[in-house]
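Below are two complexes that have chain A in common, paired first with chain B and then with chain C.
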Partner chain A sequence: MRSVAIRFAQMLLVLWAVATILFFLFRLMPGDPTLAYIDTTFTAEQQEELMRQFGLDRSLAEQYLLYFANVIQGEFGTSFRSKRPVFTIIFEVLPNTLALTVLSITIAYIFGVLVGAWLAWRRGSIAEAVGIPLVLTLRAAPEFWLGMVLLAIFAFGLGWLPSGGANSAGMQFSSTFDRLTSPDFLRHLILPAATLALYLQGLPLLLMRSNMLDVLQEDYVMMARMKGLPEWRILLLHAARNALLPVVTAFALGLGASVGGNVVVETVFSWPGLGRVLVDAVASSDYPLAQGAFMFIALILIVMNFVADLLYTVLDPRVSHG
Partner chain B sequence: MDLQRRFLIMSAAAASLAVPLLSSGVAHAAGDPIRKIILATAAQAADPQEFQAAQLIAQEWRKLGLDVEVRGFPRPQLSDLVWFNRQKWDTTMWRMVGRPERSDPDELVYNLFHSSTAEKGFNFVGYVNKDYDSIAESQRRETNVEKRKEIVGKAQAMVAKDAPYVFLVHPKNTVGYLSTVFKPATVVDQGGIGVRNFWTFVQAEPAGAVKDIIANSTESLNSINPLYISGAPDSWVTELIWDRLMRIGPDGLAKPYAAKDVKWVDPTTLEVTLRPGMMWHDGKPVTPDDVIFSFEATMGDKAPMYKPFASNIASMEKVGADGVRFKLKEPNASFLISTIAKMNLIPKHVWEPVLQGMAGKPQNAESYQEQLPIGSGPFKVARYKLNEEIVLEKNAAHWQAPKFDRWILRVIPNNEAGLGMLRRGELNFLSDYRGDPKLLIDLAAQQKDIQVASTVDMGLRFVGHNLRRKPFDDPAFRQALSVAVNRNLMAQAAWNGFAVPASSMISPALPFWHQGTPPKASLDDAKAILKKAGYEVVGNKLHYPNGVKETLQPE
Partner chain C sequence: MPSLMRALRLPQNDPLAIIGVTIYVVFLLVALFADVLASDPFEILFTEDGNLAANLPPSLAYPLGTTNLGRDIFSQLVIGTRSAFLVGLTAAGAVVALGTIVGLVSGYFGGLTDQILMRLADIALGIPFLPFVIVLAAFLGPQTQNVVLAITVLLWPNTARVIRSQVLTLRERGFVEAARVAGSSDLRIIRVHIAPNIMPLSLLYGSIAIGWAILTEASISFLGFGPSDSISWGGMLQDAYASQALSRGSYYWFIPPGLCIVLVVVAGFFISRGYEEILFPKLKD
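Right, the complex of A and B next:
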């Protein structure tokens, strides 16, 4: 229990560090948010007024204290550009991002773990000779290229699937749940999720395979064989369970990273998600929105890391410290 | 002060000593060699066309004996340099986008080159010319259109002669739509804007069973707010929801819209009569009180982006049952376009409590997002997600009710996907296309129901020289740089033919106001101009005229 408390304290420390770095990072970037308003009719008075509105006329130390006091209260402020609360903007796109990320990463990891284990088992076979280069190619292919190829084939070419967006134009739903479970949404989800899954599957697959190759050399596998256990049982219950540990960490971290890291897929498929919000915010020096979005992603990443640690103790009893 | 004077005396003494010494040896002497000139531009990734144009320009300037470095910056960094560090750069690529309110030349004639905007406003090149100032001021006061046209012509001629800018091109705006959805004859081409405009969306007739206009934006929207100028796609939405007393017509002139009648009583008094029977989207009538409130809302401190446009209003009062009289502080010829046709009419019963609640607080109207915005325009809001989609429905009670049932704007950042969606009907009006226009035209050649409209834009691409810095303070030098640039080549090579050569800040898309022809590109002419002004090429390197020192370092 004590170790959990220590980890929790560490988590808070990391969050504080992230919040602080974010604060200074954006303010050190060249340019300031008023640049977005430069225009023939833009006056010096308007610029000063904007700086005052954004609170950027105060000293850096003052800004930092104010920012921190707000962050502690869970208040991330108002976007400079759209003037809406940061949380409103984030939560508007979050369901889309979660649907895309969770689905694709789950598919990628289930596929990766099973096929990785199988390829390790079939070491030296034709399946391996074909499979490994294929996996590496998909892993190395740029996401936008993969996405555009899928779009060209399944949307523009065959016309089976929509070319972008999360819904058909003008669709109306009674609730977010209704929307996320509607056939229309799922049809729009197929191509971006497939692109992301194809991109993500390489890591768990290769990780699983190399772990399996190690584990299969272990004495207890030999022991299991000598006991005459069926092959599938050895593969799944003895070898795979142990080979799975690093993959679990990778999954937890990958999920965290993907939530904000889908910018490319979101842009190719015009998917209204968190990654695009983040990029737009950084591009227009919208400090509160960028800070809020990054903090949110960091939070997910750190929490997932924490979850991975906890999962370890379940999967591998050696890890739990009495 | 003392130091400066001492320096002057010393350098004068040094010059008087040096000149006879040198002239005894050589026939005539040149000044210092001109330092390396830095041409700032958006980075290649940020704007490939602009970057390529900068390369072409540098290539020509080098032939004059100049050492030119093209330096690419991310956009924010470039803006920061040009706008906030006005002493630090030499010359820069710059752009200005087309907007309906730029149909009136005032903004371009006044804000770009008047000396009052040189320190902190848009006159970032630092062009200061008393004669020009008085021309710019007089066109603003002149209410006789023909006389004003003449003055605006003079302003353009003076800018062409003094060459603070090298005018490059006016890009074409290329968009597409489906003729199976829109009857092409009912799609309106607005001068300098193109077919994506208010009039098309309100007047176009369906050609078939599809009753939804499905348009696109390549960027997310910021807000839907009648008191906040927040971005281009935002304005396409707001102009459909909120009516204005006048609107800028397809010919670029302001015409009465929510006002039945607009007339000047004298140069500082304008009388407006409201069109009868107009309703807000919530069913309440539009009254003169609403009109006065709408303008008052922008005059206080709660709508800072709109405030400058209302600054010339001295007072307003009701006249009769449906009239409003505006009293101006001074005569202003562009008042109809820059103020009357710009301000959104907003319902007093919705906004008065909101603004009252903000009184004495730091918040302003820009941060207020109505759950369901209420205007009196031809479309009303059904629902919206600013990062995803805006759905408007036709306001059947409007006196100019649209022919389509819905107007839907989808946020599609991927240009190629936008093309694919148009082909498949997932979009039927490709209203925002930033990819290669040729792809769109090729697509239209393959698929007959795709109509493409390519319109010369009011927007402008140019090189702005920093007139605060030598050698750009010399009109002859600037003139030579301008003549050296081949605008036709630029329009073809950098803009793929989707641009026309520019000669003025006012686009040929506004034929009434536009004046001037682009100079014929000629290196020989450019060299002759430089030679005549005393510049000299020594060993392939261009030198200042005799006696001129180089005082700056390349930054």
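Right, the complex of A and C next:
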């Protein structure tokens, strides 16, 4: 329990530090500091309201305190371009990002674990000699380029799948859930999810393989062999279970990191998600939106890092944090 | 080749490592002799009848065809090798240097120094990588050194953590103890007894970092936040994407830059596996 509390405190420290870095980062940009929240196209009342909310006419220290008070309440100001609250925009696109990330990382890890275990079992075979360089090559390919190649073949060349977006134009849905489960959405999801899954599968695959190789040398596996258990039982029930532990931790870490890393895939496929909102906001100097999107991506990353840490301790009691 | 492998402290009979080093050597030669191999990548070409030589398929004159603005794709590809190596090598060098120093100091001295440095590592790992590079490149200006700076600031913790844990075990070893009893200074112990033992580990992380740096630079250029005054593979891909090369099926335009990135990055991965074999020989049999 004590170690969990320490880990939690460390997480809060990291959250505070990242929010602080963000505060100063957005005061690095050229020009007037009020630019971080106020655009000249806002009405006079809007400008005044924002001045007061973020204390833009006060000292840097007071702005810093107000910034935290606002961040904690989810107040990131108003988007320059759409003139809507940043929080609303982020919550609109968040389901798209989560659907894409969760689906592709799940496929990647199931595939990676199975193939990784199989390659460890077939140590020294031709499958290994071909498989390992192939996996490394896929991992070396830029995500956005994989996406471009898939787009050129399946969307433009063969015309099987849509070339971008999350829904066809003009589609109406009664709820977010309806939209996310509609065939139209799923058709749009295939290519970006395939791209991301292709990119992500390498890590669990290689990790599972090397863990399996380690575990297969352990005494209890030898013991199982001596008992004359069938090979598949040793592999699945004795070895794979323990080799899986670090992969579970990697899954949590990967989930957190992927939300931020989706930036390029979302851009290639014009996927209306958090990453694309960030890129568009930075490119069009929509500072409040950029700041809010960045903070959200960081929040997901940091919380998942914490979850991974906890999982590691829970799953493997030999590890304890001091 | 064998002497090069020896100089890099790589196993000389590892086929993947040999392939990796060969790829690097070839691309380095291309980067060095880029001026001889390529013509001006910015030159706008015209056909004999005076029309713009736009979107031409590969031919003898233009081995990889031309862009929508009539520029030679092969020349861009060759010149792009330079910026890839510039970013890859400088960023990897900076990441590994910083990571190794922090890892050494943190592991050797321990205590409060260690606590502070490792919390800094936590913070760096809590910052989303690509978004940070994008914001920094957008605010500080789209120059190569800002991309390198952003990569360095965020990637050092991985190296530092591994080096630290290696130093923690080395510190307790007999030869370090002996040096301490014999009255060697801390600096001398680190320099003579510990640093040489973590060299392969630093090289391992360096060979991976080159790949990450090149991938990152390509992503940033693709998103449009890269240096606009020089030609890079990521920039070429952005150009192709933005000018509908995908829907036209101009594979000769967007396949080669991607393949070059894959080759250089995978070369780093292959080499890093060579170092892993030295470091963790039990996997070798």
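Points worth noting:
Basically, the second predicted complex is superposed on the first by the 278 of 322 C-alpha atoms of A that agree within 3 Å, B and C clash if a C-alpha of one lies under 4 Å from a C-alpha of the other, contacts with A are read in each partner's own complex, and residues count from 1 in each chain.
In this text, a contact is a pair of C-beta atoms (placed from the backbone, for glycine too) under 8 Å apart; a residue touches a chain by one contact, two chains touch by 3 or more.
In this text, all values refer to a predicted model and were calculated from it rather than measured experimentally.
In the superposed model, A:R139 makes contact with chain C only, not with chain B. Once chain A of one complex is fitted onto chain A of the other, the partner contacts of A:I21 are limited to chain C, with no touch recorded for chain B. Within the superposed three-chain model, A:S168 lies in touch with chain B and out of touch with chain C [touch as defined at top]. Shared-chain residue A:M148: touches chain B and chain C both.
In the superposed model, A:V93 lies in contact with chain B only, and not with chain C.
Of the two partner chains placed by the overlay, neither chain B nor chain C lies in contact with A:A120.
Look at A:A298: by the touch rule set out above, it reaches chain C but stays clear of chain B.
By the touch criterion stated above, A:G260 is placed in contact with chain C alone, chain B being left untouched. Of the two partner chains, chain B is the only one that A:T41 touches; chain C does not reach it. Annotation: chain A residues 29-30, 148, 151, 155-156, 163, 267-268, 283 touch chain B in one complex and chain C in the other.
For chain A in complex with chain C, the residues that touch the partner chain are 10, 13-15, 17-18, 21, 25-26, 28-30, 133, 136-137, 139-145, 148-149, 151-152, 155-157, 163, 210, 213, 217, 257, 259-261, 263-264, 267-268, 275, 278-279, 282-283, 290, 293-294, 297-298, 301-302, 305. Contact residues of chain A toward chain B in the complex are 29-32, 35-44, 46-47, 49-50, 53, 78, 81-84, 89, 92-93, 148, 151, 155-156, 159, 162-170, 172, 267-270, 272, 276-277, 280, 283, 285. Chain B makes touch with chain A in their complex at residues 76-77, 79-80, 83, 96, 107-108, 111-112, 119-122, 212, 214, 219-223, 225, 228, 230-231, 304-305, 308-309, 362, 364, 366-369, 383, 385-389, 391, 406, 408, 410-414, 416-417, 420-421, 423-424, 426-427.
Across the complex, chain A is touched by residues 16, 119, 122-123, 125-132, 134-136, 138-140, 211, 215, 218-219, 222-225, 234, 237, 240-241, 246-247, 249, 251, 254-255, 257-258, 261-263, 265-266, 268-270, 273, 282-283 of chain C.
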